[in-house]
Amino acid sequence: MRTESSNTQYTMQEVMVAVAARQIRDGEMVFVGMRLPLLAFAVAKRMHAPRAVGLFECGLMRDEPAPELLYTMSDPPNIAGAIWSTRMINLMGMLQQRAVQLGMIGGAEVDGFGNVNTSYIGSRQRPTVKLPGSGGAADIASLAGRFLIIMQHERRRFKERVDYITSPGFGEGGDWRRRVGLPGGGPAAIITTLGTLSFDPETKEAILASHHPGVTPDEVCRQTGWPLRISPAVHETTPPTEEELAIIRHYDPKGFWTRP
Amino acid sequence: MMGKVMTMAQAIGRFVPDGCSVLMGAALESLIPFAAGHEIIRQRRRNLTLIGPISDILFDQLIGAGCASRVTAAWVGNVSAGLAHNYRRAAEANTPHRLDIEDHSNFTLSLALLAGGLGAPFIPTKTLLGTDLLPGSQSFQLSSEPDTGAPLVNVQAITPDVAILQVQRSDREGNAHCWGNLGVSEEGGLASRGVIIVAEEVVSREMILSDPNRVLLPSAKVVAVVHEPWGAHPSPVQGFYGRDHGFYEQYHLASRTSEGFEQWLKGWILDIEDRTGYLARLPKDRLNQLKPSQRRLAAPVDYGY
Amino acid sequence: MMGKVMTMAQAIGRFVPDGCSVLMGAALESLIPFAAGHEIIRQRRRNLTLIGPISDILFDQLIGAGCASRVTAAWVGNVSAGLAHNYRRAAEANTPHRLDIEDHSNFTLSLALLAGGLGAPFIPTKTLLGTDLLPGSQSFQLSSEPDTGAPLVNVQAITPDVAILQVQRSDREGNAHCWGNLGVSEEGGLASRGVIIVAEEVVSREMILSDPNRVLLPSAKVVAVVHEPWGAHPSPVQGFYGRDHGFYEQYHLASRTSEGFEQWLKGWILDIEDRTGYLARLPKDRLNQLKPSQRRLAAPVDYGY
Amino acid sequence: MRTESSNTQYTMQEVMVAVAARQIRDGEMVFVGMRLPLLAFAVAKRMHAPRAVGLFECGLMRDEPAPELLYTMSDPPNIAGAIWSTRMINLMGMLQQRAVQLGMIGGAEVDGFGNVNTSYIGSRQRPTVKLPGSGGAADIASLAGRFLIIMQHERRRFKERVDYITSPGFGEGGDWRRRVGLPGGGPAAIITTLGTLSFDPETKEAILASHHPGVTPDEVCRQTGWPLRISPAVHETTPPTEEELAIIRHYDPKGFWTRP
């Protein structure tokens, strides 16, 4: 499922990795989640954020990406060469101390205020689908300076209101986070298989900021379960550069995470 | 006096009774005590409360085998392959039976165990405010900062009956060295009433005491030491073996249906006597492939005076 | 860009301004950053808040030199020799000037720093109930368990401006190895806004990264790395030198009177330019006597895969 | 200042060490304080409590005494060969968990309910003597299963009421500890330079249980600042045996702690 665009072939997962990587600023402390974020951290380090530091909730901190593909964050190549191998609570403590500028999480369902469900689809008592749960995602969403949501874009996943808030976005919008007492800044973007959504600074509604190459704004709206606002500045997502792709494929040569 | 060194069957038989609460998978995706979990299944334990941050298919196996009536966890699934099918069937359809789920996040579970080990009733935090994990949960109490009135979540202490911790090496008393990401291994062990140490190697007291900063927890907590090489397979043990990714994938496929899981269970656990049998069932050369291709020795440290 | 490696004078000059709160002596009787304390005295810092569990004469020196307006500690004295004379004079007679004392126990101070590092507003405990440390203290809030109404003490978080931590070895970025009893070194470093690492040896990044479990705290916290061999003398550094008991005894005798202390201060700190001068003033062969007579190497650990 | 008794010469400090050591039961977890307790732990381990474990608040646990005299608990010989070298809070946590059966503390002032002052003599605002403070003693007194107070016996130190409670004994007596919420069992004995005091199980008053060889009950009472009750079973303290003395002198050959 590769898309042709300009001269380069790439997958939507590769677009997502590149977009996520560009959100990492140099020198930032980044709480790196599973799967695509593992690659986004590596791309950012090699491209524009050489001084970024990655925190892995299993108890690791790295200032260099692991030299090979990680299937999980506790894989041996992630431990060897870490700058700190420690207890989970130390990293979570840094998150609550507001020392972590950026976190990345996945999700099964998201709504128009960036609230994420990874727990129960349907009722809690008798769910239609029992999802794995929070892991560290709810902590990242609660406490990180800002966070990215990285998801498959499908209408059934992009719901007006999620069945269950696992990882808090902007709740009911406006100043909800402040009212409930959440210290973190909330979601900065939803990076999907179709485009990138950002948030209205006032109302905290999700807004279509860019659509990926080969995808129209209309298609994005059709795959979204609420009337999605489109930014006046909406544009096509800058596709991954050759350099970005080279890094992604260096780390994931067989496309375990990027060629689903 | 019987010492602490015993077989896995003895350790599980004596220290993991029906109805107890047991902490496993404290180091997240590494050092998962699969051999211990499989022995729990073989001994047909019932009504266990499983406690752990994430479990990467071990809890799924215990749930599918009918050992658990309650799970206190932040995440139950298959990290590299997807959802946990038995967990789903239990939560969605009470198959094989009803399962109570006490939802945590990784932070709140580690705070709960930290509180347990400190003997504190709770630790306050700001994580999870506004989420659906809070309402109706026994794990959390909404509170507020005395000075500012700002909302707080008081995470209640957890004190498991027993923690099963996989380590690289231990002496016969349970003085153990463990390295790599620690997750909640230390907090969990200290919070638990007893600890079963599962060790890749049983070594001399002198070796362990040569590096007391590497010791995981006080051996006074340790009730059993089980020497079980490859006891964490398919999860990795730094310096001993890597992660068997394919095994997780195969389990994921096999456990899609109850029937498929039953067959997997029979082949990999029930029809097998112990860990030796399990290892023998792995494809030839699998273990060799997982062994380290390179040594990476820690720089020397001198405790001399 | 200036790196983190700098002289003690530079580190204290830049990161320990007048009026700041500074954590020292985190490892209790070992690894006390005396060289840093002496430089603080030489630079005539004023109105510092000194934070530490016990300080074994370092705080006494800083108080006597007029650097501190506040002490947050569990114990201030001379562990092997007796009371702290300058501390007494300050508390009893406002000499050299008034000193505010925030009394802690070792447990509450470690809980306060733990809370600081966790970003938690407080941690509840049952220690100190019924004692005279509680009334009127800003460090503690009386509370009760929500369920049972049982009394609790909420220990308020402490977040020092800077922690000064002595370690055996560090790389140039502040990735540091530390061994021996840790006291509150980890909690204290994580709770502080910045950390000054004082290292017996500055070593390669590769050496430190060969053993990430031995790393004390994230180098992102470290603002300065000072290479200062013998920087902890007269306190001990495991693997490097033992405790100079006689030095503590001599200080105890010298500091009995204000005049005696002034003379000690002049001789050992003010009239000396830096640590090299201090070491040169020690009796011939003293350093040799304190060096380890035997190596005791930690057992090898393999991070290979 | 040695006392002649039977055929053996010993100091009062040696008596105190022996008496304290005998209070350590086999297999117990013992929070070992500074000075004499360091020696008492060594004696107990060699004599009758080979399976006792010592906890040192600086962050150490040992199941063998250090091979040489300790001036402080962080001395290098106490670290090498420890069974655990860790953070202070882990040991304090075990104390609060009620995992520690016995602790030993010193003191500058004590009263008839075993309350200890190591903070302020005179007023807090303008003390006559500023003492070093709690260290870990208040925690041991609050949380240990039981604890021993080891002190110089002088009338000015044994006061009807201490000026300041640093380490809580039985407060005002009776069920005071329960009322204020203290989980530990309180003081088991005050071991002094003149004798040993235990506590009335009901009223929690200190009672003279034994007087050291060469000391009369009367002398003990004269050095006590309140009317000291004397146990009907009062007796002479069993002096240190040759074996106990040999162990003490093996660890403290120059009498640094035991020949003041």
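The chains carry the letters A, B, C and D, assigned in the order they are written, with residues numbered from 1 in each.
Quick note on the criterion: a residue touches a chain if its C-beta (ideal position, glycine included) is under 8 Å from a C-beta of that chain, and two chains touch if they have at least 3 such contacts.
Since the model is a prediction, treat every value here as computed from it, not as a measurement.
> Per the centroid of Cα atoms for each chain, what is the distance between subunit A and subunit C, given in Å?
41
> Could you work out how far the Cα centre of subunit A sits from that of subunit D, in whole Å?
58
> Which integer distance in Å separates the CA centroid of subunit A from that of subunit B?
28
> Scan subunit C for residues touching two or more other chains and write them down.
Residues 111, 118-120, 125-126, 152, 179-180, 182, 186, 208, 213, 236, 238, 242, 292, 296, 303-305 of subunit C touch two or more partner chains.
> Among the residues of subunit A, which ones contact at least 2 other chains?
Correct list: 60, 76, 79-80, 85-86, 89, 92, 95-96, 143.
> Just say which it is for the chain contacts: an open line, a closed ring, a star, complete, or other.
other
> Got a list of which chains touch which?
The list of touching pairs comes to A-B, A-C, B-C, B-D, C-D.
> Tell me, which parts of subunit A touch subunit C in their complex?
By the definition above, subunit A touches subunit C via 29, 53, 60-61, 63, 76-77, 79-86, 89-90, 92-99, 143.
> Enumerate the contact residues on subunit B facing subunit D in the complex.
Going by the criterion above, the answer is residues 117-120, 175, 186, 190, 208-209, 212-213, 215, 217-220, 303-305.
> Give every residue of subunit C touching subunit B within the complex, in rising order.
That would be residues 111, 118-126, 141, 143, 145-146, 152, 154, 168, 177, 179-180, 182, 203, 207-208, 210-211, 213-214, 236, 238-239, 242, 292-305 of subunit C.
> Name, in rising order, each residue of subunit D that touches subunit C in their complex.
34, 56-60, 71-76, 78-80, 82, 85-89, 92, 95-96, 119, 124, 126-139, 142-143, 164-168, 171, 176-177, 180-183
> Can you name the residues of subunit B that touch subunit A in the complex?
The contact residues of subunit B facing subunit A are 27-30, 53-54, 56, 73-77, 79-80, 83-84, 87-88, 90-92, 101, 103-108, 110-111, 114, 125-133, 150-152, 179-187, 235-236, 238, 242-243, 245, 292, 296.
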